[in-house]
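First chain written, first letter: the chains are A, B, C, D and E, and each begins at residue 1.
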Amino acid sequence: MMNQMTAVDRKTSTMQDTKISARDVQVYYGENHAIKDVDVDIADKTVTAFIGPSGCGKSTFLRCINRMNDTIDICRVTGNITIDGEDIYDARVDPVQLRAKVGMVFQKPNPFPKSIYDNVAYGPKIHGLARNKAELDEIVEKALRRGAIWDEVKDRLDAPGTGLSGGQQQRLCIARAVATEPEVLLMDEPCSALDPIATAQVEELIDDLRQRYSVVIVTHSMQQAARVSQKTAFFHLGNLVEFGDTDKIFTNPEDPRTESYISGRIG
Amino acid sequence: MLSTPLIVILCLSIAGWFIAKSRALQVSGGDQRKLASLPKQHALNTALSTALPPLALMIAWLVGMRVASESTGSPTLFHIVTIGLAVAGLALSVLRISPDFRARTASERWVMALLIFASTVAILTTVGIVFSMLFETRNFFSQYDWRDFFFSSTWSPNFRGDSDLGILPLLWGTLYISFIALAFAVPVGMFAAIYLSEYAGPRMRAVAKPAIEILAGIPTIVYGLFALITVGPFLRDYFASPMGFGQSASSVMTAGLVMGIMLIPFVSSLSDDIINAVPQSMRDGSLGLGATKSETIRQVVVPAALPGIVGAILLAASRAIGETMIVVLGAGAAARLSLNPFEAMTTVTVKIVSQLTGDTDFASPETLVAFALGLTLFVITLALNVLALYIVRKYREQYE
Amino acid sequence: ATSAAARDNVQVAGSSTVLPYAAIVAESFGENFDFPTPVVESGGSSAGLKRFCEGVGENTIDIANASRAIKESEMEACAAAGVTDIIEVRIGYDGIVFASDIDGNGFAFTPEDWYKAVAAEHFIDGELVPNSFTNWNEVNPDFPDQPIQAFIPGTKHGTREVFEEKVLLAGCEEGGFLQAMLDAGVDEDTAEGKCMAVRTDGLSVDVDGDYTETLARIDADANGIGVFGLAFYENNTDKLQVATMSGVVPTTDSIAAGDYPVSRPLYFYIKAAHIGVIPGVKEFAEFFVSDDMAGPDGPLAEYGLVSDPQLPDVQATVADEVTLTN
Amino acid sequence: MSDLSVDTLKHKSSLLRVDGRTKKRNAAEARFKAYGFSAIIVALFALVILLTSVLGNGLSAYKQTFINLSIALPEDQLDKSGVRDLDVMKKVTTIGYAKLLNAAMAQTVEAAGIETELSEKELGGLISKEAAATVRDMVLSDPALVGTTIEVPLLMTGRVDGFFKGRVTMESAALDSNTSPEELAVAQALADQGVVYTGFNWGFLTMPDASDQRPEAAGLGVAFLGSLYMMIVVLVLALPIGVAASIYLEEFAPKNRWTDVIEVNISNLAAVPSIVYGILGLAIFINFMEFNQSSPLVGGLVLTLMTLPTIIISTRAALKSVPPSIRDAALGVGASKMQSVFHHVLPLAAPGILTGTIIGLAQALGETAPLLLIGMVAFVREYPAAYSEDAGLFGEAATALPVQVFNWTQRADPGFVERASGAIIALLVFLLIMNAIAIYLRRKFERRW
Amino acid sequence: MMNQMTAVDRKTSTMQDTKISARDVQVYYGENHAIKDVDVDIADKTVTAFIGPSGCGKSTFLRCINRMNDTIDICRVTGNITIDGEDIYDARVDPVQLRAKVGMVFQKPNPFPKSIYDNVAYGPKIHGLARNKAELDEIVEKALRRGAIWDEVKDRLDAPGTGLSGGQQQRLCIARAVATEPEVLLMDEPCSALDPIATAQVEELIDDLRQRYSVVIVTHSMQQAARVSQKTAFFHLGNLVEFGDTDKIFTNPEDPRTESYISGRIG
């Protein structure tokens, strides 16, 4: 199954424009140097997977891309990250606009203490994506369907989002993120609490999104990375050890650390 | 004097703590892992078993003696009984110590009893308040027709008797002044809380929050004089008279605004703590969707903190209803039913105080009306609180 | 926490008008006698008498100050609680004066002027019509052109009763308005009530606080004319100018002589049952009414109390512990 | 819906150029933030105005005008027996001492070479009436002084003190029946020679209240003790009871009608006017329990009942805001509910609890009305002991700081105006000291998770 | 790799005593009937896996076993659950004692807002498992090692547990749960945020625990279920559809729903 998928992917993964480009990025949490000298170019209309052992800085780097790190007091970012050639840490850049363009699904599902409907409708509402209630309903339904959770919640859209099971919450958060139609979608382990079927549905969604957008996904599952991504970045102890075509990384890694990780020797 | 047995019991209780602790370690052979409960919990259980029963007995005795209106009883016998009880409690609880004895459950039962006792204090207070006013209220209504009290729109007490003691203008003044005070304090307090918890840097927060809290501690007489000397004339000269609302320096508006200032910290400080306690992941979720900070606050943070915020606002409203000095000096003492916010009016509370501290015959309706006012206000605020609870419940159900 | 031994200080409560005098006496008593300084509470005549009538015992007060005589109904309530032997002591009189801002116009009032200025309704042509005067010169052409703004004691104060009876009612009578009403067939009670009803349109403001509040209100509104106690005025002669009443300047002498009409007696009441139980009760009362204190040259008079012309009788009442009979 | 049009539009947009909608939203954001900031400014502005007026009026109460007077203490007037028998010496009252002071004053003026028309009595009137008592106490405590001449610093009257503080002027003195320009001129001349001087007024913080004739001698000593005792009672009772009740109601009580009743009850108690608590205190603690009237114990109990709702409401709100996952975590490792509350929930709720305590104590510290009915709004000159055999714990009559403010604002003599403001300053400092501890603790516990 | 592991397991999985036995268990969230008629016997010294699509009731049933559902107001449990033959819903049973015996790792990592050390030390402290500081240190270190996180946090034991990465938090919670030496350990998707190495370490821990205790693990990864468990229960829409030896379930399921799920057809 894995080989089959990647084969298909390879065909569609043609050379793309660079969407996100990072140069010499350093991130510190207080004294702790969490990301070191990361340079990377993330292409448009591509799925890029970040892999690496727990605590290596995947989430941290992901949060740099939409400046969510701004919200952590002790976190300090240096270096240069551009999206479509524009420096996102430029003083003129409004993080709000940036985040509308760069959506995010967090590692821990964090539904709002609101109804399921309102959880999803929240983004479209603040961005004015719907002209009326009917349009909004449509957007919400579409997003919930793409998040592979519509069938489970369609009868209780007014129930609180916090009363869902772990996996349901995670899918709700995915639906919430795609509802605003971001150009770049950052997903931090979006399938960690999902069963294989739901995982497959989310992966389908990712593949679908790739037609138009750029998707970055953090995952601990090599299989998943191999299935959905065209590019893979391997992080280790805050360093970007290797970055390249997914096939290449999984079949023929250059760095010994990458190889050890993939073959299950370092953690 | 009850202090001697009190001290003895406290000493026994402290001694019990240490005895139980060492006894527990001893039965475990020095290895607390063999115990079902920690030595500390054995100690707590013994200390509480020693102190609480005699203390409860003492309270009962004290109240009982008063009810029987005897001032002495038999103190020595009673001292022996209480101390005996403490010794018995100590001995029994120490004897029960064994590796299997669940001292945690036992001690938690004592703590629970204390918690329940604490929460009954509120009930007892209410009962006390009602009873301390009921008798005189009945006296009042035996001298004054209740229909006139509840439905008359004139308030005009009189030394010669034959007074009009209608509560309506006072209630109206109370509602009007409280409304203006809250209309000022709630937005200002909420915005201050939001600014402090979401925008202000730690340094500003460290300074501004306690500074604003000082407002709650300034004696109300200062506010009253501020209303009388500064705010009242200012409002009269720049608002009331140019706009044709009258010439009064004392007004509902004056008192309301100044009271609003006093209430700011009630809303801001409590709300700030509650907003601060909303988990960061909620904010992250919203910011991650491209919401601005203010959208996040308005649509995610504040709704999540709502139950607590409502509590803070209710507290402020309560303070507004109970305030005297600011109203006396800011709004005047005249009872009046009017819509004009620049006219002098007064509140129920002010009249409770003034009739109670005045010179009218203390057995006359003019003085006794204070108790009827107090009880009526009590019932009305009770109804409002029931309503508030109902609304909060209804609103909250959407979330949890 | 209750005490077994008797309380050793005298407890006094009641009128805030009597409080300053009682405080002066208590202070001096504490300084010169071997008893502790008595505790003097304020809170109003009514509240004081109520505490007084709560019963006999050391958790009740020994002496109640009052700016009026105890009422029959209060005596009954007292008796019901076991307080039967009460000694009534009149310490002197409190003058009530009208004063305005020191920099403003001076006034020479008659009761009739006040009636005209602050009555709720006037009886004109056989009809009661709302008071239409807004300026003092409408009340009396001799007065300056100054808007009426009166600060009178609120209905909680005993002074208000005196103001209504000795100023408004007297003015109503003097001006013949009462007679006109009676002639028109209004019954006496109603007519008197109308004479004493105060306008509520804001030109006359009830002050529920005390004289410092009245003074502050005049500070904030220079047109204001307020009602004060004589003692208060005498301590603030640099801020207030006093008005004459029917041509008489209020002083302790003119009041004691009965020339100045507006005044009221001040009292305190002793619980006879506490004499000999609470140390110092009788000594304090005797010291209070002694010539050294309450005499015409004593510190109380100096402070503004109108000394009682019958002081020797009062001293005898205390010495002999003569109780009220009901 | 045309997804494509939306995102082609988006693709064109540059991050460096803020688009129209974002501009609008940012404007809303800026407005919102500005509202917040102005709210803070409004609050602080009000605070500054209030504090300026209090400080402006009250700081002068901390200074006072004294005179260094040498007084002859002739034996024939102070101790006729000549054997220093205290009982005999006590027969000389303050009135007798006042005469000595008048003479001493006249002597001093003459010695200073000041020409004046004033009589001996009038000159003596420049000295506080408190002075006679001060000297009498000195003599009675040290009878050996009789027959000697002593030099003591004594208080000048309020009018003279006001003159040196600028409150009284020659013009106002001309209208003032309690002083005159001539008297002030003498005082000024004595000041020029250094006999009369202005110094820090420790007496204001330590002395008891004084009667209306001696504003210069009135102090806060008794009020400080009374407030301190009451705050101890309130803190020792209200905080534990309030927190315990909140814990029970929020964490343990079954959610049913009965707890609804308690909940409504508590918010209703917050709305009960404070004077009603006075009625309650009089009925329960004085009439029924027979505790001492005017005592800080009863005052503290009444204020405790009054403060409880505030503490309970804020504590419950704080407990409510602790995320349930924390409770789950504790229960999951086998902690009992009680342990999860005391070990985890309570520390996390501590900032809110402390805020409630700060506000509750501030309210309690500044409250006068309920004290009126239990006899603490009073003129008290004896320092109350914390414990005495007769009166028990906190059982001796006392006043409190707000009572002193309330009393002094009612006094006729203008000298009390500055003292009332001075007392407010003292009250605020007292409050700040109490709060500083709570605020320090609160900052330690504050954390976002 | 999968076959190799299960082969080893099969050998060690001998017939065991029943540790937990559930009969006719029903759970309702308000109106919502979340668990229906569940009967199951969970053996001692065994790893039992709960699998099933997201929202099927795995977490809910798990929380019944240590009565964590008591804390949800609207949750109502009927039926009978016994541990070592004793009814845990009996009025005489102290849920606290129960939970000390039945430890739990929650689906969403929930470290205390305390230091890492205190997070782990808390359980041992309240249960009096250490006689002194040195012993406590030892327990904490051992637990953190078993949670496969010691190396990452040994230098910052005083740092707050909430400042860890997602996977680190999850392992911290595992360490916290094992520190109290429970007889039964309930783990709700313990490896969802873990990389393969850390996952392997946790699986090793589970295998180790099985020597003495009973472990119940919820997982979405069939591979993981197959690797670590001897028994597997498959839940679907609140029903326990099938329960039996892991091998059997994965190779030869009886119920068509189980088969569809395992082969990836229903979600």
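Quick note on the criterion: a residue touches a chain if its C-beta (ideal position, glycine included) is under 8 Å from a C-beta of that chain, and two chains touch if they have at least 3 such contacts.
The chain list, named the UniProt way, goes like this: A, E = Phosphate ABC transporter ATP-binding protein, PhoT family; B = Phosphate transport system permease protein; D = Phosphate transport system permease protein PstA.
None of the values given here were measured: they were computed from a predicted structure.
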Hopping only between chains that touch, the fewest steps from chain C to chain E number 2
Hypothetical removal of chain A, resulting connected chain groups
one piece
Other chains in touch with both chain B and chain C
D
Measuring from the mean of all protein Cα atoms shown, which chain centre lies nearest?
B
What pair of chains is linked by the largest number of C-beta pairs in contact?
B-D
What's the chain with its C-alpha centre farthest out from chain A?
C
Please work out the Cα centroid separation of chain B and chain D, and write it as a whole number of Å.
21
I'd like the Å distance between the centres of chain B and chain E, where a centre is the mean of that chain's Cα atoms.
45
Separation of the C-alpha centres, chain A versus chain D, in whole Å, is 59
Between chain A and chain E, what is the separation of their C-alpha centroids in Å?
28
If I count partner chains per residue in chain B, which residues reach a count of at least 2?
1, 3, 71, 104-105, 225, 279-280, 292, 295, 356-357
Residues within chain A bordering two or more other chains:
96-98, 100-101, 108, 126-127
Multi-partner residues of chain D (each touching 2 or more other chains):
25-26, 29, 282, 289-290, 336, 348, 372-373, 392-393, 409, 449
So the touching chain pairs work out to A-B, A-D, A-E, B-C, B-D, B-E, C-D, D-E
The chain A residues in contact with chain B across the complex are 66, 68, 71, 96-101, 103-104, 106, 108, 110-115, 122-123, 126-127, 158, 160, 162, 173, 176-177, 180, 182
Write out the stretch or stretches of chain D touching chain A in their complex.
1, 3, 6-7, 10-11, 13-16, 18-19, 21-22, 25-26, 29
Mind pulling up the chain C residues that touch chain B in the complex?
1-2, 4, 15, 43-47, 49-50, 53, 66-68, 71, 73-74, 76-77, 154-158, 160-161, 164, 193, 200, 202, 205-209, 213, 216-217, 219-221
Which residues, counting only chain D, touch chain E once they are in their complex?
255, 324-337, 339, 343-344, 348, 447, 449
For a test of understanding, state which residues of chain E touch chain B in their complex under the given definition.
94, 96, 126-131
